[in-house]
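Presented sequentially are two complexes of chain A, the first with chain B as partner and the second with chain C.
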Partner chain A sequence: MLELKDITKAVGGATHIHPTSLVLERGSLNVLLGPTLSGKTTLMRLMAGLDKPTTGSVWFDGKDVTGLRVQDRSVAMVYQQFINYPALTVYENIASPMRVKGADTAAIDRAVKKAAELLKLTPYLDRTPLNLSGGQQQRTALARAIVKNASLVLLDEPLANLDYKLREELREELPKIFSESGAIFVYATTEPSEALLLGGNTATLSEGRITQFGRTIDVYRRPSDLLTARTFADPPLNTIALEKRGDGFAIGGKPVLPVPGHLKHMADGPMTIAFHPHHLAPAGRDDSAALTVRTAISEIAGSESFVHVEFEGNRWVMLTPGILDIEPDSEITVHVDTRHLMAFDAAGRAIGTAG
Partner chain B sequence: MNAQAKTRNLSWIVPTLYILFLLLPIYWLVNMSFKTNTEITATFTLIPQAPTLRNYQVIFTDPAWYSGYINSIIYVVLNTVISVTAALPAAYAFSRYRFLGDKHLFFWLLTNRMAPPAVFALPFFQLYSAFGLIDTHIAVAIAHCLFNVPLAVWILEGFMSGVPKEIDETAYIDGYSFPKFFVKIFMPLIASGIGVAAFFCFMFSWVELLIARTLTTTDAKPIAATMTRTVSASGMDWGVLAAAGVLTIIPGALVIWFVRNYIAKGFALGRV
Partner chain C sequence: MNKTWNNKAWFMVLPVLVLVAFSAAIPLMTVVNYSVQDTFGNNQFFWAGTAWFEDVLESDRFWEALGRNLMFSGIILAIEIPLGILIALNMPKKGIGVPVCLVLMALPLLIPWNVVGTIWQVFGRVDIGLLGRGLAALGINYNYVNNVFDAWATLIVMDVWHWTSLVVLLCYAGLVSIPEAYYQAAKIDGASRWAVFRYIQLPKMKRVLLIAFLLRFMDSFMIYTEPFVVTGGGPGNSTTFLSIDLVKMAIGQFDLGPAAAMSIIYFLIILLLSWIFYTVMTSGDETA
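Right, the complex of A and B next:
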C-alpha cells in the first residue's frame, strides 16, 4: 500500500504539487489523468523517490520511506521517452536490475527470456536498443520493469510516443502483464479515453492538485466538480450557464431544456450545465430537448464527425458517428441527451450528475 | 547542364592546391630528415640525392635526444590522465546539477583556457621552486592542467548533456549506486567524449613549449625544448633537427586517427 500524506512539491518559488494525499492499494491499477504540466510526472517522481517532497511524507506498507534512496525502494519506472542503456544489448538492458541485485545467471536468463517472450522481443535480444524501432525500444524498457518485479510500477505516458496500432496492443497487454505481480500499478496519461480503457482507479489532476480519486468509471460519470469533468473529457466538455426554474432550464428567462429526472431534486437557481460532446446529436427520433445552433466548422475523422457549433455564445462540440457534411455558418437543430446532463454550482462543485 | 558538368570537373583544383600548400612544409621537413647536412645547405633538391637514416640514428642513440621524447610523453600522459579524471566529475556536476553561480563558474573555467601561458610562467616558476618541484614531470603535468582541465570539462559537459537525465534515473531505479552507474553505464555512453577530451589534452600538452621549458632544466626537459636549443659547437645540425620534427608530429598523427570521427564535435566542445 502506497500512501502520500499531505505532500507538496515546490521548485524555486513555484508550487508544482499542492497538498496532496492519496492511498493506492496493493494490486490496483491507478491512472493519473491530466493535461501536460498538471503534475503527473512530478507526482510519479515523488512516489518513486526520485524527488523528495517539500513537505509531507510518503509511506509504503506502513513504513515511512520519505527520503529513502530510490536504489533502496522496490520501484520500476518507464518514461515517455524510450529510455534504455544504449551501450548494452537488449538482453543486458532487460537483465540490468537483476544483475545489480546479484541474481544468479540461470535465474536472470529465465526471467529475461520470459519477459522478452511476453513483449515479443526474443529476436532482438542481441541487438542494441538504438537499432530497434521506437515500439521495440519502449518494449525493452517495459521488459526491464517486469524483470525488476517491483512492488510499485510507474508508467509515465509509456505509449504516448508509439504509433496507434502498437498503442492499442500494448495498452491491452500492460495491465494483464503487471496484474500477476500484485504490484501497485500507476499509469499517467493525458487521454481520457486511455483512462477509460484501462479501467481501475483514476485520479484526475489539474494544475498540481488531485481533483478527484476513485473508480475510473465513477470519476467519469460522477465528477465531483467541473474541473474534474473538464479534465475527463476529450473533445472538451460542453458547458452553458443556465437557470433552473421548476421543470425547465432557462437562459435569460427563455426556456431551453427540460430538467431530466436525475436533476429534479436540485433547488431552483443559476448553475452550470455540462455534457459530453457525444451526448449532442443531430435532431431525430427525440426532440424533447432540441436546440437550434449555428455551425462553425466540421471535421471528419474517419468514422466520426466533430461539428463545432455555437449556442447563445457558447462554443460546443458535437461528436457524432458517421460522416456528417455540414455547411459552415448555417442553422441546424441538435438534440441534447438530457439523461447525461451534469450540473455544477457557481463554485464548480457538482450538484447533480448522472445516476 | 553543361556548365554544371564543367564546374564539377574543375572542382578538385581548389582543394588539391590547398592540401598541397598545407603539406608542403611537412613534406620539406620529411625530405630534410633524410638528407645529409651538406645536401641541405649546399643544394636545392626535391628528393634526397643520397638518402640517409643517420639523422634518426642520432636521435635514437643519443640520450640527450631520446630522453626529450620520453620526458614529453611522461608528462603529457600524466597530464591527460589527471585532466580527464578531474574533469569527469566536474563536467557531470555542471551537466546535471544547478547550483549557485554554476553558469559563471563554468564560463570562468573557459576564460582560463584563453589566458596566455607567458603570464603564468613567472608565478609558476616561483611557486614550483618553493615546493621543490622544478625539473619534475609532475610539475609540467600539473601546470598544463590549468589549460586542459577547463577544456576537458567543457568538452565532456557537452557530451554528457547529450545523455538524457532519465538514463541516470533509470539506473538508480534499477539499483545502481552512483559510482557503479557512472563507470558501468555512463562512461560507455560518453566514451567518444572521453576520447576526444583526452586527445585535446594530449595535443595541447604535447605542443605547449613555454611553461614546459620554464619548469624544467635537464631531468624532465621536453623534446620541443631540446629542439630549439640545438646549436652545437659544430653549427646547426639541420638533418637531426628535421628528424626530430618528424618524430614530434607522429604521436599527434597517431592519436588523431583514433578520434577522427569525433574531432569536429570536440572542436565544438561536444555541442553539436
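Right, the complex of A and C next:
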C-alpha cells in the first residue's frame, strides 16, 4: 500500500504539487488523468523517490520511505520516450535490473524468456534497441519493468509516442501483463478515453491538485466538481449557465431544457449545466430535448463527426457517429440527452450528477 | 528513344572544378611530377622512376621520423581523449557555469598554432620564462633546448593544452543530447556511476568520439608549427617529425625529388591510417 500524506512540491517559487493525500492499494491499477503540466510526472517522481517532497511524507506498506533513495525502493518506471540501454541487446536490456541485483544466470534466463514471450519479443532478443520499431522498443522497456518485479510500477504516458494501432494493441495487453504481479500500478495519461479503457481507479489532476480519486467509472459518471468533469472530457465538456425554475431550466427567463428526473431534487436557482459531447445528437430519443443551434465548423474524423455549434453564446461540440455533412453558419436542430445532464453550483461543486 | 543532351550543365560545376584543380589536383600532380624526376634547377628534368621512393623507404631517417610521429600521436590521443571525456562529464549541464565553461574551453582553440608555439617557447625558457624559472626554483632541472625528455614533454603538454578543448566540446555536445529520462531510468535500476557511463553515456558519445579521435589523430600526425617554433626539431633530431624533416629536405637541402616522394608517402600513410581507424571504429554498428 502506497500512501502519500499531505505532500507538496515546490521548485523555486513555483508550487508544482499542492497538498495531496492519496492511498493506493496493492494489486490496483491507478490512472493519473490530467492535461500536460498538471503535475502527473512530478507526482510520479515523488512516488518513486526520484524527488523528495517539500513537505509531507510517503509511506509504503506502513513504513515511512520519504527519504529513501529510489534505488533502495522497489520501483520500476516506463517513460513516454523509449528508454533502453543503446549498446546492449534486447536480452541484456531486459536482464539488466536482475543483473544489478546480482541474480543467478539461470533465474535471469528464465525471467527474460518469460517476459519476452509475454511481450512478443522472443525473435528480437539478439538485436539492439536501435534496430527495433518504436513499438518493440517500448515493449523492451515494459519487459524490463516486468522482470524487475517491483512493488510499484509507474507508467508515464507509455503509449503516447506510439502510433494509433500499436497503442490500441498494447493498451489492451497492459492490464493483463501486469495483473498477476500484485504490484501497485500507476499510469499517467492525458486521454480520458485511455483512463476509461484501462478501468481501475482514476485520480484527476488539475494544476498540481488531485481534484477527485475513485473508481474510474464513478469519477467519470459522478464528478465531484466541474474541474474534474472538464478534465475527464475529450472533446471538451459542453456547459451552459442556466436557472432552474421548477420543472425547467431557463436562460433570461426563457425556458430551454426540461429538468430530468435525476435532477428534480435540486433547489431552484442559477447553476451550470454540463454534458458530454456525445450526449448531443442530430436526432433524438423521445425524452431528449430539442434545441436550435447555429453551426460553426464540422470536422470529420474517420467514422465520427465533430460539429462545433453555438447556443446562446456558448460554444459546444457535438460528437456523433457517421459522417455528417453540415453547412457552416446554418441553423440546425440538435437533441440533448437529458438523462446525462450534470449540474454544478456557482463554486463549481457538483449538486446533481447521473445516478 | 530520343535522349537530349545538354552539356550546358557542365558550366554549373566549372567554378568548383577550377577551384579544386588549382587548390588540390594541380599541386598534387606537381608533387607527383617531382617525385619521379630528378632536377638540378634551371628547368632540366631527368626521369628517375621509383628511385626516390626506394631511397626514402630505405632511409633510416624516414622511419625514425615516422616512428616519432606515431609515438607523438599515440601519446596525444591517450591523454586527450580520456581527459576530454573526464572534463566533459564534469562540466555543468545548466546554469551560469555552462557559458563560462564553454568560453574557457573554446579559448585555446582560437589561438593560432604559431602563437601557441611562441607562448610556450617563451613560457618554458630557462632564463626568462615563468615555467622555466618556476621549475628551476623548485629544483627541477628542466631545459627543452638540450634535454630530449623535456622537449617532448613540452610539446605534449602544449598540444594537450591547445587541443583537449576540442575533445571536451565534442563530448559535451554528445552528453547534453542524452534525455534526462535515461539517467532517471538508470537511477531506478540502481545502476552504478560506472554503469551509467559505460552503458548510456559512452554509447551515446560514440559518434562524436569517433570524430574527435580522427580529428586529433590527423592533426597531431601532421604536427609542424609547434616543434618548428619551440624546438626546431631538436635537440639533435629528437623532435624531427615527418613534416619538419620534409621541409628540411625540400627547402633546406633543396632535394625536391626525395621530398616529393616523401610527401606522397606521408599523404598515403595518413589516408590509410584514417581509413583503418574509421573502419574499425564503425564496425561495431550493426546494420541489420
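Details
Everything below uses one rule, namely that the second predicted complex is superposed on the first by the 349 of 355 C-alpha atoms of A that agree within 3 Å, B and C clash if a C-alpha of one lies under 4 Å from a C-alpha of the other, contacts with A are read in each partner's own complex, and residues count from 1 in each chain.
Just so we're on the same page, a residue touches a chain if its C-beta (ideal position, glycine included) is under 8 Å from a C-beta of that chain, and two chains touch if they have at least 3 such contacts.
As the structure is a computational prediction, the values presented were derived from the model and not from experiment.
Superposition of the two structures on chain A shows chain C clashing with chain B.
When the two structures are aligned on the shared chain, A:T128 is found in touch with chain C, with no touch to chain B.
Applying the stated contact rule after C-alpha superposition, one finds that A:P86 touches each of chain B and chain C. Common to the chain B and chain C interfaces on chain A are residues 48, 50, 70-71, 75-77, 79, 81, 83, 85-88, 96-97, 100-101, 148. By the touch criterion given at the top, residues 179, 181-182, 184-185, 187-191, 195, 199-200, 202-204, 286, 288 of chain C touch chain A in their complex. Of all residues in chain A, only 48, 50, 70-71, 75-77, 79, 81, 83, 85-88, 96-97, 100-101, 127-128, 131, 148 touch chain C in the complex they form. By the touch criterion given at the top, residues 164, 166-167, 169-177, 180, 185, 188-189, 191 of chain B touch chain A in their complex. By the touch criterion given at the top, residues 48, 50, 69-71, 75-77, 79, 81, 83-88, 96-97, 100-101, 141, 144, 148 of chain A touch chain B in their complex.
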